[in-house]
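As structure tokens, here come the structures.
Below, chain A partners chain B and then partners chain C, in two separate complexes.
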Partner chain A sequence: MRRHLTAYGFLSGALVVFALFSWYPIVRGVTLSFQQVNFVTAADWVGWSNFERLVNDPQFAIAWRNTIAFTAIALVLGFGVPFVTAVVLNELRHAKTYFRLVVYLPVMLPPVVTALLWKWFYDPGPGLFNTVLRGLGLPEGTWLDSGRIALVSLVVVATWANMGSATLIYLAALQTIPGELYEAAELDGAGVLQRIRHVTIPQTKFVLLMLALLQVVATMQVFTEPFIMTGGGPEDSTITVLLLLYRYAFVYNDFGTASALSLMLFTVLGVFSALYLRVTSREH
Partner chain B sequence: MKKSAGLLVCLLTAACSGSAQDTGKVVISINGQPPQTQAFERKIFDEDVAEFERTHPDIDVQPHEGFMDPKTFSAKLAGGQLEDVFYVYFTDPAQLIARKQAADITEYTKDIPHYQEVRQELRDVFSANGKVYGVPTANYSMGLLYSRKVFQEAGLDPDQPPRTWDEVREKAKRIKENGKVGFAEYSKSNQGGWHFTTWMKSTGGDVTKDGKADFNNANGRKVLDTLHRMRWEDNSMGDKQLLELADVQTMMGAGQLGMYLAAPDNVPTIVNQFKGNYADYGLAGIPDGKGTLIGGEGYMINPKADQKKIKAGLTWLQWKYLNPDRIEPNLKRYQEQGQPIGLPVPPAADIWTGDVRAKQEELKAKYATVPTQNFQKYMDSTAKGSIEPPNAQQVYAILDSVMQGVLTNKDADRDQLLEDAEAKVNAVLVK
Partner chain C sequence: MLIFTAAFLVPLVWVVLGAMKPPAELARVPPTILPETWVPETYAQAWNYMDLGRFFLNTLVVAIGAWAVQLAVAVPAAYALSKLRPLLGNVILGLMLATLMLPAAALLVPMYLTISDLGLLNSPAAIWLPAAANAFNIYLLKRFFDQIPRELLEAATIDGAGPIRTLINIVLPISRPILAVVSIFAVVAAWKDFIWPLLVFSDPAKQTLSVALQRFAPDTPINLLLAGLVLAGLPMVALFLAFQRHILAGLTAGGIKG
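And now, the complex of A and B:
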């Protein structure tokens, strides 16, 4: 009993902190979704009207469409680029540490600094990209100023900023693959692509799936890049669910509707988190 | 253990309750105190607090730094940390009143000296359904800010700023030919919508009327056509778009921009931030001059404040901001410290009517330290000011897209932009 008491004692600290800073805000968020509050008088219970308001907001559908598009493009880029980079890094014979550091370096930059840096890269006048293109005599890009490519431009920034961690995880997974498998494949006459397809991918399947799910959960919460670089424009082409949520809470001061939107996002992300848990528990 | 816990509770409660009960004074917390980095403004503010407390021994003013920040406002209100007297921009009162987040001060206004001499349209910003919820302390309407230096470099007469949008276009073209950006416009962070509204008012229109969108018409089309021509035919608006206030002020401060729509408070900001010279800037009335958007600042009272605090708060506000007797001493203080006088900004905010306004103008000319003639065209403008639309921030968020569409897409279908935005604004207004 005494042993258990000590254990519960140690556990209680974590429980209190979780209850206060995680569970209570989650429960409060759910109740707020069904309330209108002004923080002066008692909250009004308004049923589903916050959700109705959201659904009638013309930017609601646009924000979801953009978020899904962002997640999909980020999945393709953020999945493929780090994987290929990891494979290349794994094959390197010289300056391994240097290149790993170079790939990981952007992760260490604060997200706001990354966004401001890329904002300058994308600047249509004196920006880096257009200056280089001008120098080469090539047509200049509109980057963030075009509704057609602004979202992709943001995905590139997010991928550049976050691919370091994924690359290192892939690299670690690649290094666990027994060398004999490659040797055997080589003896059977497999080329590089075949080795990747028949050895590398099957051997890293679990890590790939796990990172894909984590990536979906992370990129659906994209905020910093559109907030700092485009403000949701041009013509709402980069407004995301979290940016809309931010506007409801901190520009319109409508915490009820903001909470309703966060509850929707929470539910969607909950599905992916459940999938993730299922995948990881099955593997164990 | 129990004793020390009790002592701690006592200390905490003493610290929280303030000295009101002990001294018999009414303690009011106020914000709007300038930060330490603005040494002069801070010194003036602190001197005023000391002087007020000396002349009003029954009131203890506790100043806090900071102005209106919508991001923290609700949290401060919920946590009991909102000041008794709090600063607001003209964009805020309508929403705060609707949400019952400001005290009703109607019955106290009759006791505020000179309140009736404050411009009616400014008082209206703080009123709803016949009730009053705050007082305006400064006001500015939108005009055309231009760089006299850039005008001169482009061979333009800086004493003849444009009076119409056609003239703006012509002069912007000349400035562009001289290698600089002729005219800049916002299109991000709801500021594009804010300026589109100003454009609409300048042509005699508005963005809403009788609770419905009112920009999908000839006026709206004219605004977009002018912007489109300047951006894409004349190339006088620069390549970089999705601009906001700070970007444009930087361009102006760096001497890279000819003109933009602004209120007079932009002039000291640019001069101070970029170590510029007041003589290099000029302010004209809004082009076309059929109307303009008014903005400004004021104070409201915490809805949780009791009667005594409301009275004490209003006494402070009247003494500090709505006090014709302090206009001259204030101007003298500013002049002695080499501060700019002559702009329609504090300490000579353009909030008065009748004799008080005439007296203030006279004193402003007497103590002027900046070339007032550079700003006279703005003061002489007869454009009638009107306030922002209902649900301003949501409407502006939608209208940002209209500005973005025309400024970032050469082939933008302007009719479609207006039509889409009209449907969206109507959806927002109907709620």
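And now, the complex of A and C:
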């Protein structure tokens, strides 16, 4: 009995913070979705009207479309680039530590710093990218100023900033592949691409799947890059679900509708999170 | 290899140099590579212009407080769940781990309202307390504590040490590696965070560096802004170089966090 009491004494801090800042907000988020609050009178139950308001907002569909496009492009880039980088790093004999440091350095920078820096790099005049393109004699880009490629420009920033973690996690997985497998494949006459296809990918498929799911969950919540670099423009081409949520809650002060949008996002991401947990628990 | 260095280091060097060019030179097309006129004072000017000292201090208070509160909450909790094994311990652990599935974005609005109800808006506690509800810390620490042999703790109990003494004198000293990982990630996360501090610090005087920089960005001369960005990034780069082995080891060994 005393042991239980002592244990709960040790747990009390955690129980309080989880109750206040995790468990209760979950319940409150769901109830708020069906309420209209103004902080003067008691909250009104309004049924599904918050959801109706959302669905009728023309920006709603645009925000989801942009978020899904962002996530899809980020999956191709933020998954493909670290994969190739890790495979190349794994082959290196020298300067491995140097490259590990370099690829992870941007992960340490505050996202606001990265976003503001890249906004300057994308400057069409004296910006870094157009300078390099001009130097190579290539046509210049419009980057953030054109509705068509602004979203892709943001994905590039997010990939640059975050790919260090995925690369190093994947690199660690590559190093657990027994060397004999490659030797055997080589004896069978397999080329580099075949070795990657028949040895590397099957041997690391858990890590690959896990990284992909994590990537989806993280990028569906993208906020900092569009908030700072484009504000959702030009012409709503980079407005994301989280940006819309921010506007409802903190610009229009409509916490009910913002919660309804959170609940939708939560439901969609919940599927990916559940998949992630299944994959990781099966691996252990 | 060159491509690699070019992609990751050149942009950073470009900024550090760019901040030392006078505004007229910064606006020139095509730009100069090395500054024609070196103006290293820009860094000092930026510091004064944006009052960066205040925001560094705010960020430091937020980060150190978040670190302290996270450890104060997670260490005893993980120890209780691992070694004292109370009634319903596994249910509690399950409820905590389930929160790992929650996307942070889904809780922003209700958490904001809760912080507002508690009267904590514009107080560093608005960052510290929610940061402590971190199931990942508890999971990492518990997994480490699980490997500490029972006999070691029983020996301490026979010597008359209570659970608090055992935790402080026996468990904590052998847990230094995992405590280092949890600590570094706590500080880095607090330093990098943007959306949550943006919501809870509406008072400009209380803001963290990230929030203040995005507020200054639209109407600060570009050379001063660049210098400010370099200064804001510097502590994280220094932390990384100092603790790179812990950070890189924690990334792969400690499981994965988004």
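Assume the second predicted complex is superposed on the first by the 269 of 284 C-alpha atoms of A that agree within 3 Å, B and C clash if a C-alpha of one lies under 4 Å from a C-alpha of the other, contacts with A are read in each partner's own complex, and residues count from 1 in each chain.
Note that in this section contacts are C-beta pairs under 8 Å (C-beta built on N, C-alpha and C of every residue); 3 or more make two chains touch, one makes a residue touch a chain.
Given the structure is predicted, the values throughout are model-derived calculations rather than measurements.
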First (chain B), second (chain C), both or neither touched by A:A7: second
First (chain B), second (chain C), both or neither touched by A:R100: second
Partner chain(s) touched by A:L20 [first = chain B, second = chain C, both, neither]: second
Partner touching more residues of chain A, whether chain B or chain C: C
First (chain B), second (chain C), both or neither touched by A:R247: first
Touched partner set for A:F255, first chain B, second chain C, both or neither: both
Partner chain(s) touched by A:T230 [first = chain B, second = chain C, both, neither]: first
First (chain B), second (chain C), both or neither touched by A:A274: second
Partner chain(s) touched by A:G125 [first = chain B, second = chain C, both, neither]: both
Chain B/chain C common contact set on chain A: 125, 250, 255
Residues of chain B that touch chain A when the two form their complex: 70-71, 73-74, 77-78, 95, 99-101, 187-190, 192, 238-242, 244, 303-304, 393-394, 397-398, 400-401, 404-405, 407-409, 417, 423-424, 427-428, 431
Touching residues (chain side chain C, partner chain A) in the complex: 1, 4-5, 7-9, 11-12, 14-15, 18, 26-31, 72-74, 76-77, 79-81, 84-87, 89, 92, 95-96, 99-114, 118, 129-130, 132-133, 135, 138, 163, 188, 191-192, 194-195, 199, 209-211, 213-214, 217, 222, 225-226, 229, 232-233, 236-237, 239-241, 244, 247-248, 251-252, 256, 258
Complex contacts: residues of chain A adjacent to chain B: 38-41, 53, 56-59, 123-125, 142, 144-147, 230-236, 247, 250-253, 255
Contacting residues of chain A [partner chain C, same complex]: 3-4, 6-8, 10-11, 13-15, 17-18, 20-26, 28-29, 32, 85, 95, 99-106, 108-113, 116-117, 120-121, 125-126, 128, 131, 134-135, 160, 165, 168-169, 172, 210-211, 214, 217-218, 220-221, 223-224, 227-228, 242, 245-246, 249-250, 255, 258-259, 262-263, 265-266, 269-270, 273-274, 276-277
